[in-house]
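I have a structure here, written as structure tokens, and I will follow up with some questions on it.
Chain IDs A, B, C and D follow the sequence of writing; residue 1 opens each chain.
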């Protein structure tokens, strides 16, 4: 008869659906994260209403102006209103950020789980492919992509699809290796549960936590990566506003008008904060 | 024996700080946080254990006995908290939480757990884990701490200490792991050893060896042992004093022989009847009806009354006190208003 | 802006503190050049010391005849010297040659070598060295500027101190061509060493020497040439170049006192630098013009009216003010103002949206069209220019999509005419304007199909070739004025602005000046 | 252990070869002509063609690649188009800079990650946890050049503690010049490691042996040390991957601090299509990345005996 110690509120093994929902509602972190991201999405949707001026309207005789009533956050190097561009940029960045990591997240986690669970041949093959992708110089790949599919946002999705899944694969593989050894997976396998069901019901819920936490960071990495990719022709094309390019354009003025790069930077940080709260909240909820 | 000699020298220093039993618990209550609300899981527990003697704490799973032990050695999980009561070592009260609590218990109290695999650090060698306390807490040099560890491993009966010391927990058997857990506990030279069902996960033969080891250590090192279990046979073999716990409260306390031969509480009687008595071929085991109540919805009055064959009207209103039946010595008490009826049977 | 004001500034700085001075500086200083600013107290130069110079591009070779990269040119021109050089004011100045005589048919030149000039190893400079160097440069199949010497048929020495050069036909830009860095003089047969060994430890007539040159090294030290022909110079004992390609980092190293001089100061920092009391900012006019080139192979830009509409829609005054922070003059003629025969009265099409719409109405695309602007994505300045042009053409209904590419992909795109519009800069390497005129307008002979615009106007081409043979300065000026008018009216490309060279140096540096070609002679520099 | 390392080195060779082939193909397919880049705009088609022939670029792709392979076999990594020198000498002078930078960045990121992750895990959901989260997200959101310039302004200009930039000449000036760049680079990696180590440590904190440790009377720091060792596995993997990314992305750091490393050479040689240098650099970086991954796996097995080296 096993001693039911009071801390283990749950029976070991998979987490029931009802329980996830109850824990999700109670986790303060998750709630805070959702409110932050919710506010940002709201600001993005209301951009046309809130922003003082059209985001691309230039005023070449009032460039780099300080904070004022007309321009609450000042103007950039082309005299465009920084606040308006900040709000419109939220639309592009959240969309690009989330879409760019979807494929890497799913594909990487799948490969990582399979490699970690089945081991031997599958594992070696997968990990060597991962090594090739990691070792490949990202810039050469990006320039090649621009040539093949031309500039624009499509390039970002493909660049990240090709290069970013490796992180998920390696992280998930590491945790799968450990979970595979645990007692309840052995017990479930002994009870005759098929590999597929076992992977989905028992292995994945335990390994997904690390992947989710990384995914939330990854979205921020995508938004910031738009800067370097933009120089090489990939990603958001001017004049569309996006935080990454605003930070990049602000680089030259960091010592004179430091707010130009810092404000979009802080916008990325706040988004990152919201996402990381959600990431950790989800990880806690899903943990058995 | 090296251990005895050192103990004598240490004993001298402790004796000076005041007499009284090695471990005394007065009115200990512990609450647990469950979905934003607190429930009392351990309610006003009091008992004492003298040096060299073994005290049994018996009860079904979920009765709060394991939580009690964790409260005594202040390793409660974040969701649990000591509400009231005192823990005294040699008559001196020790704080419940924080750095002071740990310092006060160092060299006084140690604990071993049920699942020996998960109780040991999987990535550190056994020798290192045993030598850690002597090295870190008693400032012994690396060499002398390692020797102390080998000595302890020999003390707990390991055939080849030096090779075991270099192995890792997942590489050795359950029984051997439990001996190592005991060695680790002894490495802090405690005077009180708390055991949270250390033998339950072991098969019978190994179980007996561990119990003999504990009994031998108790006498040789003058240890006060608190042994938590749901297995009355183990308690009878090891402990001279016993307390029975039900839903967070002590329902019967006394000498083991008295409590287990002439139980003064219906719950203890029920526990005894539930055991398959090998030599009594005729009597079939009669399990206690119903199941342990959840601490969130405890019955009123005497919490055992819904399952009690002696239950009467008042049982659901009066909260029984833990005391001896009329004109009997207070050495054997029961928390049941019909305790006198139990005497007659 | 007289010098007195600058001194006043420093006193005001002390009295009002930095903030006060910035307000004053921003308000009073016009956006024009601070060049040629006479020092108030003309103290005597103090010899000695090492100049620490942070430059943006590292040298890859010191061979004058085999490079066109800025990092190489501005290093080797301290070691090797041509017969003539261009002074900071943009004038041709006799250097290793004291002068020349030319035959009546303008086809034979005799150069007189400066007496007493020695190589850094003490050997005397002879006519044989000059013959060897010029022949090596003009016959080099891979030489980026060997086309400048295409008019030369033969070079021979006449005694030790005279060199005779025969041309295939009269060639007005000849002396300017000779002053190009690619025609710098090196010892005959590399002074007996192998070519690679020579350029590792070069022997030159210049003010400095270098030993053990390794390409792409993080830093390079030039030592004083003891045998330099100008006695008493160079004042400096040595110059240490460090190569820092990040603009901010160069500036921070100057402000941190880690270096004395830096090049390529970003225009955005010029305003802030004015308030730094111990740093002086020098804007020097250059032979560079930034161009928006229109591809006449594209049906839209084959139409002259469309090109004129585009030229008039772009407000170069606003563009220069915003994108270069007022450091560059707005575009007008396709010749930069600092170039010889620049005509102030060029009939430039003034910026006017109405006139632009009128011309567009006369074109085949009155309602506008969609097009694409190719730029080198890695350069911040071009990204800003592109977005300004994009928004200034919108009112005409011309919707411009930007196509930024990395440097090499960008170059190969426009050189294959795979573009509709693209932005790049044109630069003259010598004082004579023929290089720019023929390269950008002579469709067949210029070598780049009129700077890849495919602009082919026979009358303009005739003018360009005529100017190459015209020796009378007044007549040559009139010819180039006509050429500039024709370009302004036909708008094969839109001159956007004329960016100056911007250097910054600590106030203890004196005698530092930059010629319109971007070269800075360091023998005149001394440390206070 | 040795047999496993041997087998991994063999598969590493395959990986490096695959990377070389991939880079070779993409480079030669991409637009941009190295001969034109060297000769400048005025060069005529004939001149460009003579140079391409001299570099062998006019041969078929297949023959170019076979020639390249046997060059590598003989240890000759080719000569740079742009600079009249061998690629090996270019790389040799710069590899120590990048290696030192990557080493310093890894050191800083570990020194920053472990205490912060431990603090966040021990004080789960309390103020310290959220502060650490805010700090690490700031590290992610703001780019390297932002931190670089702020650090320079603070520690090199106002307080002249470190040089503004540059690599310096003596060993000490190298070290001095690496502090700020190393710190800046670690701001990019540390946030990801902190998050992963924190989640790992929270899971381990629930394990029973933590109670044993506390019962032993060990201080909170010692307990967290044990917990960190158990939770380090996923974070170690991330560190392995991120060091690989760091090698590729030292470009920004080297640019901001004017360090003559491989990163800036890679970017300039790509933009000038200096094929031999790009290929040589890719080869060197691929070998480094594969070795680091092998090292991470061996370290993981060393740290966690339960992992059988498959």
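To be clear about the criterion, a contact is a pair of C-beta atoms (placed from the backbone, for glycine too) under 8 Å apart; a residue touches a chain by one contact, two chains touch by 3 or more.
Computed from a prediction, not measured in an experiment: that's the story for all the values here.
Participant: Grab the C-alpha centre of each chain and report whichever is closest to the global C-alpha centre.
Facilitator: Centroid comparison flags D as closest.
Participant: Is the C-beta contact count larger for C-D or for B-D?
Facilitator: C-D
Participant: What is the distance in Å between the mean C-alpha positions of subunit A and subunit B?
Facilitator: Each chain's C-alpha centroid was found; their separation is 49 Å.
Participant: Centre to centre, by mean C-alpha position, how many angstrom separate subunit B and subunit C?
Facilitator: It comes to 90 Å between the two C-alpha centres.
Participant: Taking each chain's centre as its mean C-alpha position, how far apart are subunit C and subunit D in Å?
Facilitator: 39
Participant: For subunit B versus subunit D, what separation do you get between their C-alpha means, in angstrom?
Facilitator: Inter-chain centre distance comes to 54 Å.
Participant: Multi-chain contacts only, two chains or more: what residues does subunit C have there?
Facilitator: Where subunit C meets two or more other chains at a single residue, that happens at 248, 252, 378, 405-406, 409.
Participant: What positions in subunit D touch 2 or more of the other chains?
Facilitator: Residues 30-31, 145, 149, 153, 270, 304, 306 of subunit D each touch two or more of the other chains.
Participant: Touching at least two other chains at once: which residues of subunit A meet that condition?
Facilitator: 7, 143, 147, 251, 254-255
Participant: For subunit C, which residues are in contact with subunit D within the complex?
Facilitator: Contacts found on subunit C: 60-61, 68, 141-142, 144-145, 147, 196, 214-218, 242-246, 248-250, 252-253, 255-256, 258, 378, 405-409, 411-413, 415, 439, 447-448.
Participant: Residues of subunit D touching subunit A in their complex?
Facilitator: Those residues of subunit D that touch subunit A are 11-12, 14-16, 18-19, 22-23, 26-27, 29-31, 125, 133-134, 136-138, 140-143, 145-146, 149, 153, 191-192, 195-196, 198-200, 202-203, 206, 233-234, 236-238, 240-241, 244-245, 248-249, 251-252, 266-267, 270, 278, 281-282, 285-286, 289-290, 293, 300, 304, 306-307, 310.
Participant: Per the contact definition, I'd like the list of subunit C residues that touch subunit A in the complex.
Facilitator: 247-248, 251-252, 266, 268-269, 271-272, 315, 318-319, 321-323, 377-378, 380, 383-384, 386-388, 390-391, 401-406, 409
Participant: Given the complex with subunit D, which residues does subunit A contribute to the contact?
Facilitator: The touching residues are 7, 28-29, 119-120, 123-124, 127-128, 131-132, 134-141, 143-144, 147, 166-167, 170-171, 173-175, 177-178, 181, 209-210, 213-214, 216-217, 220-221, 224, 227-228, 247-248, 251, 254-255, 261-262, 265-266, 268-273, 276-277, 279-280, 283-284, 287.
Participant: For subunit B, which residues are in contact with subunit D within the complex?
Facilitator: For subunit B paired with subunit D, touching residues are 70, 73-75, 99, 102-103, 105-107, 109-111, 113, 115, 118-124, 132-133, 136-137, 168, 170-171, 181, 184-185, 187-188, 194.
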